[in-house]
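Multiple structures follow.
Both complexes shown next keep chain A, but they swap its partner, so chain B is in the first and chain C is in the second.
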Partner chain A sequence: MKQSKAFYYIPYGLWIGLFVIAPVVLIVYQSFFSVSGHFTLGNYANYFHSGVYLKMTFNSVWYAFLITALTLLISYPTAYLLNQLRHKQLWLLLIILPTWINLLLKTYAFIGLLSRGGSVDNFLSIVGIGPKQLLFTDASFLFVATYIEIPFMILPIYNAIAELSPSYVNASRDLGASSWQTFSRVIFPLTLDGVKSGVQAVFIPSLSLFMITRLIGGNRVITLGTAIEQHFLVTQNWGMGSTIGVVLIVAMLITMLLTGERRKKRRTNHAK
Partner chain B sequence: MQNKLSGWSRAYLIIVFIILYTPILFLVLYSFSKGNTMSNFHGFTMAHYQTLFNDPRLLQIVLDTLIIALLSSLCATVVGTAGALGIYETRHRSVRQTVLSLNNILMVSPDVIIGASFLIFFTMLGIRLGFISVLLSHIAFSIPIVVLLVLPKLNEMNASMIDAAADLGANPWQTLTRVILPAIMPGIFSGFFMAFTYSLDDFAVTFFVTGNGFSTLSVEIYSRARQGVDLEINALSALWFLVSLLLIAGYYFLNQYNQGRKTKRREVGAIIK
Partner chain C sequence: MAKTIIEFQDIVKEYGDTKVLKGINFEIEQGKFYTLLGPSGCGKTTILRIIAGFTDATRGNVMFDGKKINNVPANKRKVNTVFQDYALFPHLNVFDNVAFPLNLRKVPKKEIRTKVLDALRMVQLSGFEEREISEISGGQQQRVAIARALVNEPDVLLLDEPLSALDMKLRKEMQYELRALQQRLGITFIFVTHDQEEALAMSDEIFVMNAGQILQTGSPVDIYDEPINHFVADFIGESNIVRGHMVADYRVAFAGKEFDCVDAGMRQNEPVEVVIRPEDLDITTVEKGALTITVDTQLFRGVFFEITGHDDTGNMWRIQSIHSTEVGAKVGAYFDPEDIHVMRFNESEEDFDARLETYEGEDSDR
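Showing the complex of A and B:
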């Protein structure tokens, strides 16, 4: 038994050491180096003093918040109504299905839909709102990000509602609660855990989006993810990029603390 | 509570489904359109599919993407299963928890962080960016999901089977291959499948570690999309959509089959989540 355990831990432990611990250590380590390769605290000083980075972080959090709020607003009723359907498992599968389509392809579809002379633009012209610049606006960025995140929010909420025993709802009705009271005092508090995991599953990725910000948002909104990508791959200032990375990790930890429970990667929820 | 939805609720759900599916159907529809933009359907043609199949560069990228997905998910399944077995045999509670937390770090980290830190890692080790770095990254981020899918199957397994095997004189290798692995096979399959789709889906991590010479489909679509609409991509996405559908159907039926076997064995209702 002992031997086999050691045998199992050789490849797996190697993975943990090389691909889990080492990269985290490296990104923290790298954040203390300037472009010229000298040890410095300058990146952090720069981050906290220049104002640009703080503003960008604030902006990124604000947009992630908007995306999460919008997603929640759309997803909660959807999850609730789905639970009322016959064949609800099948309908849920249909909600999840789009998440299996490559993210890039969905984004690409929106470029076609929203671009000048694209279908949505034409439709707006027909109804008389007139041709409008849709692509590369904040609104389109919010819309597409929300679109992409919706299934990840619906899923945990759906599961929470499915686990809710209908007798609570019936009891509340029998005791004379109005529909709104039943919802706000019984249903919502009891499904709060689902909402929390949904928020976790949407908020953290929204902070680190970087592809949609460019393709759909036209880099008008700079998220933490975009900033990291720019520093690493465009300006080659890895130290500053790592510093923002450390900030993103901290933001992630705070989100996880606030929403309780460890978040599993979104897919695991429906992989069972 | 069955199907007594009011008209408004029904309309709401219908709208949500329409929004979810419009972009996808739109892509597929325009892959058959004459013309060069995704506006005004110009009549049916298969020309974009022809261009696609006559584009050796793109086909090579598709092939590379599939090879990466297949190799990485195979390796991840082997390492992940070993990891799950290791964790299963770890009796010490706190050690077990620590290993599990370490396992989950890559699951919760944003892709950008994974990509950036791997980039630093490969550069420091002097590994040239390209096929190898992409493959290693994909293996790395797929391992935890395999562990998470195999571990519950191990915990569900009746532990006295292992003792029985040992009592009957099986050596550890025989116990592993004849008793343990068959019992956790469904978990291993799900793990492999999830690893495969993770790899196919990944954009952010690959984007960081891919370097110049090598490209996967996601990265290629990204660079083409920056130049605007190209209906060849639509044709490609239609095919990709079809493949995803087949994969999901396969996975779904595999699950159903496993659930069915379980139900038969234990006569308890299958819980599908």
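Showing the complex of A and C:
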């Protein structure tokens, strides 16, 4: 019995060991070496003292925040609406469908759409707005990133709303709450876990976006993801690249702590 | 007579092709305990939802205090509901759940505190304010739900099978408490249940429903003693229902014999159904009995023996007797004329009441 249990741990153990623990340990280890291969804390000192890296960090967080906020703004009402529809599973499937297509393919499709002489540009000319530089702008970067992340936000929120018992809504209305009060005091707080999962699923990957920043954003937005790529592939400064990697991992952990489920018992104080 | 607070005028509810309510008419008077009783799917919960404002009636008027409220949204009705699953908000603790309706109305904090504590004391949950909903038992959740529904001081409290999730003992306790609470507060309660015992024990007035219609309205005693038809007789309590025919007024024939009874106003030789409650039948000797019954089974039920048997014409009889007998024995079953209740086929409640009126009037003249 004990033996067979140990047997089932093998695939999971191998996976965790080889693809999670080992890489993290390697990255942390690498981050303490300079370009010339000497042990140093210089990478971290460099990171925290140079305005460039801090600005990049700020950029990453800021854009990840914008992307998350935009997706949330679109996804919550969409998830809510989907739940009211008759064939909600079908509509949901249509939203999930694009995630089955390779990310790079979708990105190239957007280049085709947004570039000079592309469909959108042509359309703008026809309606009289005239040709506009669309590709390689902050707006197009945010637009495409939001487009790509939306399904990952909708899904957890959709599930949270679907699980919400309609009797809570009835109870709230029954006790005198208007539609808005019902939403803000009952529906939203009770679906907050779905929102948190969605924020995790969108914010964390958005921190290290680099392909979209390059192909759609034209490297106008330099994020930590771009910096890591550059250090490993171009400047060959693995130590600095790893340092930024460690910073990203810490940022992810912080995000998870902030959006994770609170175990702490809530003890509110009422006017006593 | 007390003031009418809710009135249904020809309420019809359709979902697509299915008619859930087929023309419901009733009046609810202030300060009474009403029960909507019927098997599941009979439309009783739909009536509750229409009163609360969660669903619209397809046709007909809902009147509240003399005003039509069909288009008044649920949050503007002076009615509160205790839900079957309680619907307590899991993200709020006991205090905040009960305070929910008061917070909505922006009642001053101090007043909220007094009212919530009063409401919790009323349902005997003082000291539970800070508990989370997940930390309290089903019975306690039930009380919180009642406190939350009452803290708004509604004119009418709707209860949707609130006791169905509780175990037997707690259920009985809550029946007493709910009844006591209603009498103390003087608020109109409309209680939905499929449990006839619960209905009989708690109500001032029972509406017996089946298949989208109200079959009979009356006090528990009226409904138990004078059920209008086979369904009501069978649904409320246990009954022996056998076929027979009226020989004349106050004379009915069944099981191959004629008996005196207290029912009248029917055609001569009209086929009828006769109801005798198992507890009204007494076991005696064959000579003294009105019917001769061969005992088929006997069960000891604690307070009484439940005996089933058949008479000479093949009718099945269930008897509750404090004396035991033996399986296979022939015994006599004795009953008084008042124990016989005669039901006509397809008689409406109006006709039934009218018929009772005619000869019960005579009774008092005699």
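In this section, the second predicted complex is superposed on the first by the 242 of 272 C-alpha atoms of A that agree within 3 Å, B and C clash if a C-alpha of one lies under 4 Å from a C-alpha of the other, contacts with A are read in each partner's own complex, and residues count from 1 in each chain.
Heads up, the rule we're going with is that a contact is a pair of C-beta atoms (placed from the backbone, for glycine too) under 8 Å apart; a residue touches a chain by one contact, two chains touch by 3 or more.
Since we're looking at a predicted model, the values are computed, not measured.
Residue contacts after overlaying the shared chain place A:P189 against chain C, while chain B stays out of touching range. Once the two complexes are laid over each other on the shared chain, residue contacts for A:A160 go to neither chain B nor chain C. Residue contacts after overlaying the shared chain place A:A79 against neither chain B nor chain C. By the touch criterion defined above, A:A171 reaches chain C but does not reach chain B.
In the superposed model, more residues of chain A are touched by B than by the other of chain B and chain C. Looking at chain A, you'll find residues 265, 267-268, 270-272 touch chain B in one structure and chain C in the other.
On chain C, the positions that touch chain A within their shared complex are 52-54, 73-76, 79-81, 83-85, 87-91, 93, 95-96, 100-101, 104-105, 109-110, 113, 129-130, 132, 148-149, 152. Touching chain A in their complex are the following residues of chain B: 1-5, 9, 12-13, 16-17, 19-24, 26-27, 30, 37-40, 78-80, 82-83, 85-86, 89-90, 99, 102-114, 116-121, 124, 136, 140, 143-145, 147-149, 172, 176, 190, 194, 197-198, 200-201, 203-204, 207-208, 217-218, 221-222, 225-226, 228-229, 233-234, 237, 240-241, 244-245, 247-248, 252, 272-273.
Residues 1, 3-5, 7-13, 15-16, 18-24, 26-27, 30, 74, 77-78, 81-86, 89, 93-95, 97-98, 100-113, 115, 117-119, 121-122, 147, 150-151, 159, 166, 204-205, 207-208, 210-211, 214-215, 224-225, 228-229, 232-233, 238, 241-242, 245, 248-249, 252, 256, 262-265, 267-272 of chain A touch chain B in their complex.
Residues 165, 167-168, 170-178, 181, 185-186, 189-190, 265-268, 270-272 of chain A are the ones that touch chain C when the two sit in their complex.
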